[in-house]
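Encoded as structure tokens, the structure appears first; notes follow it.
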Amino acid sequence: MVFKITDAPIDVGRVIEQVEDRNAGAINTFIGTVREMTKGKRTLYLKYDAYVPMAEKKLAQIGDEIIQKFPDAKVSIVHRIGELAISDVAVVIAVSTPHRGDSFDGCRYAIERIKEIVPIWKKEHWEDGTKWIGDQRETTAYPSGKPRKEDLI
Amino acid sequence: MVFKITDAPIDVGRVIEQVEDRNAGAINTFIGTVREMTKGKRTLYLKYDAYVPMAEKKLAQIGDEIIQKFPDAKVSIVHRIGELAISDVAVVIAVSTPHRGDSFDGCRYAIERIKEIVPIWKKEHWEDGTKWIGDQRETTAYPSGKPRKEDLI
Amino acid sequence: MIRVLLFAELEDAAGARELDLSLEEGTVSDVRAILKEKHPNLNAIDQAMPAVNEEYANGDDKVKAGDTIAFIPPVSGG
Amino acid sequence: MIRVLLFAELEDAAGARELDLSLEEGTVSDVRAILKEKHPNLNAIDQAMPAVNEEYANGDDKVKAGDTIAFIPPVSGG
């Protein structure tokens, strides 16, 4: 199991290998890629930045949370930072479990948690400007400057 | 988009490439592998057999069904047949969509439909015998010899 | 002549994956009945879904010479 | 000395990713108040989650010389 922030292209096959297990019948993989069009706006490229040591800790914490839910799961998560072009892979999550439903649920949980607690930021570069994108989950983000209690596990 | 039955090892990376798209932000991949232990019984190896031309048609139909639900989706499914050892990859499904939720839902739909309508059979080889496994979904399978109407789309 | 395909435990029970039936015309149910009469150990065919020319079919669907009818036991891919 | 880390729009607004505060002891809220006084364009720090030594913290948590406090704007990984 590997939890890593990298500035190099991600080898999807390697991430999958890291969760292989004789008693896994299912591996679910989520690959987040750079999409060209969002709400009618054309992205030229993206820049990801991270608070690297804390981000790696939080990715590992997400792995632990998944194993609490699904004790036989194996999890690996690699997130890339730096400048990414359209279709480049930003994140790869792999979750193996004995039965298929848990692999889907564990992987889905991981991507939602990444968007809640992992200190990684995306800066969109459009033809007409740039913007740091916050809060993709479109929840109201820390209005008092305090994290919600459940994010502090 | 590729829908194929093969007797060769599946190249996961190739299946993923086949669904890449500039407007995909998400690729969900399901990999079904041969698990060693099931309900306390040790599998030595498996044999998969298929009604190949009909199975490939039904895989393509599942792709069509997903695109009906998620018009921007791209889908590829490759299923291996023949003798498979523990940890070998039996099936790879890749679904790309603009947004992540649809990629998970489309991929999950695909694996459930495979277990309903695609003519592929698995023969378990244990230390103490063999058995054709039917009906993994544990629904009562065609009690009257007739498929359920919703399986006849 | 109608071509019959049997898979998995049905193939094992019949000792053959493919059979030819000398029938000019009939229904899926007719074919099933003939097969059970010829091969008394093919009882599991009652739990199989019929498919005519690679599409799932019902018992009262017609088959004629030249068609392929397959009997599909509960599937277990994935 | 307390080490302060700023990211994303906070880094852009302060013109620096890292600042040193000459403070021996205080709370997370104290640090936030000092930063806003020194950098009037750091208002967005109110929407940021504080983290002390790489763990999320609350406003009344203590910080002391040698600690690192980071202000984490709403995240957007994935």
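For reference, chains read A, B, C and D in written order, and residue numbers begin at 1 within each chain.
The rule is short, and it goes like this: a contact is a pair of C-beta atoms (placed from the backbone, for glycine too) under 8 Å apart; a residue touches a chain by one contact, two chains touch by 3 or more.
All figures in this text were calculated on a predicted structure; none of them were measured in a lab.
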Moving only from a chain to one it touches, give the least number of moves from chain B to chain C. 1
Check every other chain and keep only those touching both chain B and chain D; list them. A
By Cα centroid distance, the chain farthest from chain A is C
Centre distance in Å when chain C and chain D are each reduced to the mean of their C-alpha atoms: 73
Note: chain D sits from chain A at a C-alpha centroid distance in Å of 24
Euclidean distance of C-alpha centroids - chain A vs chain C, Å: 49
Do you know which chain C residues sit against two or more other chains? 78
In chain A, the residues touching two or more other chains are 32, 100, 111
Which pairs of chains touch, using the document's own definition: A-B, A-D, B-C
The chain A residues in contact with chain D across the complex are 32, 48-51, 53-55, 57, 79, 90-91, 111, 114-123, 132-136, 141-143, 145-147, 151-152
Residue set of chain C touching chain B in the complex reads 5, 7-9, 12, 32, 45-51, 54-56, 58-59, 70, 72-78
For chain B, which residues are in contact with chain A within the complex? 12-13, 16, 20-38, 86-87, 96, 98, 100, 103-104, 107-108, 111
